[in-house]
Amino acid sequence: MTGIGESVVIDRDAFAALLQALVDDGRELLGPTVRDGAIVLDTLRGIDDLPRGIGDDQAPGHYRLRARGDHALFGYAASPHSWKRELLPPRVPLVQIRRRARDLGFEAAPSGARRVAFIGARACEIAAIGIQDRVLRDGVHSDPDYRTRRDQVFVLAVHCGSPAGTCFCVSMDTGPRARGGYDLAATELVEGGHRFVVEVGTIAGGAILESVTSRAPAVHDTAAALAVTDAAATQMGRTMQTQGLRDALMANLEHPRWQAVGDRCLGCANCTMSCPTCFCTSIEDTTDLSGDSATRTRRWDSCFTADFAYVHGGSARPSLRARYRQWLTHKLATWHDQFETSGCVGCGRCITWCPVGIDLTEEVAAIRTPPPEVHHG
Amino acid sequence: MTTTSPYVPAAMAIASSVRELADVFTWTFEVPGGFAFKPGQFNMLYVHGVGEVPISISGDPATPERLIHTIRAVGAVTRVMDKLGEGDVMGVRGPYGSAWPLDEAKHRNVIVIAGGLGLAPLRPAILGLLGHRADYGRITILYGARTPADILFRRELETWRGRFDLRVEAIVDQAGRDWFGPVGVVTRLLDGVPVTADDAAFVCGPEIMMRFAVRELDKRGVSRETIWISMERSMKCGIGLCGHCQLAGSFMCKDGPVYRFDRIAPYMQVPEL
Amino acid sequence: MDDLARVLVAHPFFAELEPAHVTFLVGCTKNVRFRAGDHLVREGDREDTLYLIRQGGVAIEMRRASGEVVCVETLGAGDVIGISLLADAPAHLDCRARESVVALAIDAACLLRKMTEEPSLGLPIAMRLLERTYERLSRARLQHLDIYR
């Protein structure tokens, strides 16, 4: 069996067989597929559901698919979805409550976790999963549903070859090559024969690879694979200066730029929904018609909503200026205080999916610049 | 019931419900094994089908067989709670949060400043101080309310006032002719009591009140490293996973609600943070 | 220094002022007593006296149309009543002794004359009245906010 850290080369048919092997292992395949003019993450039946020959153009508030003119299966960057749709789903029942006379019975709701394989997880996405692990699984209190789902995931990563205009994983030191967090990691090579250089990350990864035809990588395979990610690293659409970023933001909480971005922000929460590390949720209560049966459900929430920080008397953050500031300073500054990492992986989703095209890399650069002196005439 | 999910509450029946003020009531639960908690901590209380809210524990940590909460009917869930009573079953999760540091206040004079309902989260601390009276110097309780009819735990305050080893003063914002005590803001009471720079202070009440109380303590030389306040923010999960209670880098359900003032001061000074 | 001068100099309102300056005011000053229920000031009075409370509590009150009397603040030893003397406006509120009150009553016209004659006395006193007024305003605003809601 191919050992951890070792690589093999498989062709396109073998890749299809690899996916089938995962299905045969009792796993549901989740991965990128084209729907409604976007590449979304959904259940895959096999290799044919992958976005063959499709690329993406991403810019602030702009997302379009285009034909690449080749047969690449992973020739695009971040989807509007992220893996948090599976690990931290938008709605999860937490507790079932049954009332009998005046008595109440509480029971943890069964987890909807299933054995899945993430197909085509990118380095930035794997980094995001690692960040959410620290928040939701590894703290003093742990979310049982997240933990259960997390344990049932097989990760087939893909090292990036086609970054988009809003990508900045290099600045955040999260990509384009994944550094761990995967069972298998593939680099897709299209030139000189459609094939994949696949690295083994875990014993489970090695085991799945056993049932698939492969050969040892030649020198040119390895070189070509490295060249893909080396090239990708030079094609970042954006950069963010992270040195001293936490302190720079916390020292400028009253910078005039916050008002400027607050004036543009609609509070639509697209950024928080598409962000792979945003984890804020709320808990909702519903009952059946008789009132005897109730459910507590966890659902996605966003710090951009008006009553997110409700204190009696009103919101603690009534203005959009304050809410944008909360989001950005949490993501890039106070996250460090809480979890000892940045909250951002540089995937660019928040930039692409903002309807007014707010670019956090631009906001950060502006806030790091001292505001002009106000002169009193 | 045993469960590994931190979201699942324990079922507890209200043993008694007592009206304190027009919109404030106190529930007592009987917990045979004892519900251990530290003064300042809170529970998430669940009302069937309606919702869950964080409520400070207002009982005596030394008698954990009786779990006590004092609640004001001010929102959707608490207004429903106001209509419930003896025998009704609630969900209880906790205790959560940080505590009034009775240990750090040892061998110091302690000034307790409470406003309105803020006396409820301080009550366990006061009982803790009185339960180990010899460990502390002067103990002073200063309480402010809107009018005499709004004085919380009035009988207990008057009983404490009767002790020789304790100073208790109460003041109201306004009163009629039938009130013979002082009228004014709660910090006026500091004018009439000895305050020394080494004193420890526990302050709890609306945020504005806590801010100006700390300012008055500052003026009298009390260090911000020996002033503790208790804050409030929206909470959904109570366990640091939902994100609602954050104030800058702090999760109020874990790092608070009791904070040493110097640690939280920079964040309180930024409007809408 | 005679007794009245000593008492005047010792009042917290004059803390850290030159005793010699303070005794300049002795001629304007009397020691007065009020019984419980007496009014020091009534609404509408043109205040002609500045009272420096030495002992006893005073209630600042307003009377509603219904006849109900609301106390908005209590003052005591160390406090000053009659600050609006400088603004030459009638009193807005009643000030009633809640118990026996002992105070230094300083005649307003005499005080203003002496303050004008002796600027080294006049300016500090004016600043202190301003300070006390500001503190009173600050407290009133906080009470007005109904913060315990």
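Read from first to last, the chains carry the letters A, B and C; within each, the first residue is number 1.
Heads up, the rule we're going with is that a residue touches a chain if its C-beta (ideal position, glycine included) is under 8 Å from a C-beta of that chain, and two chains touch if they have at least 3 such contacts.
This one's a predicted model, so the numbers in the text were calculated from it and none came from an experiment.
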Distance-maximising chain from chain B - centres being C-alpha averages: A
Of A-B and B-C, pair with higher C-beta contact tally: A-B
Centre-to-centre distance between chain C and chain A (centres being mean Cα positions), rounded to whole Å: 68
Averaged-CA centre spacing for the pair chain C and chain B, given as whole angstrom: 37
Cα-centroid distance, chain A relative to chain B, in whole angstrom: 41
Residue numbers of chain C (touch at least two other chains): 149
Chain B-facing residues of chain A, complex: 94-95, 97, 99, 102-108, 135-136, 139-144, 250, 253-254, 279-283, 285-287, 291, 294, 296, 298, 301, 303, 307-312, 316-319, 321-322, 325-326, 329-330, 333-338
List of chain C residues in touch with chain B within their complex: 57, 59-60, 68-74, 76, 78, 98, 139, 142-143, 145-149
For the chain B and chain C complex, residues of the former touching the latter: 115-117, 144-146, 150, 173-177, 179-180, 182-185, 188, 191, 205-206, 208-209, 212
Parts of chain B lying in touch with chain A, wherever the complex brings them together: 1, 3-11, 13, 46, 48-52, 74-75, 87-91, 232-234, 236-237, 239-244, 246, 248-249, 251, 254, 270-273
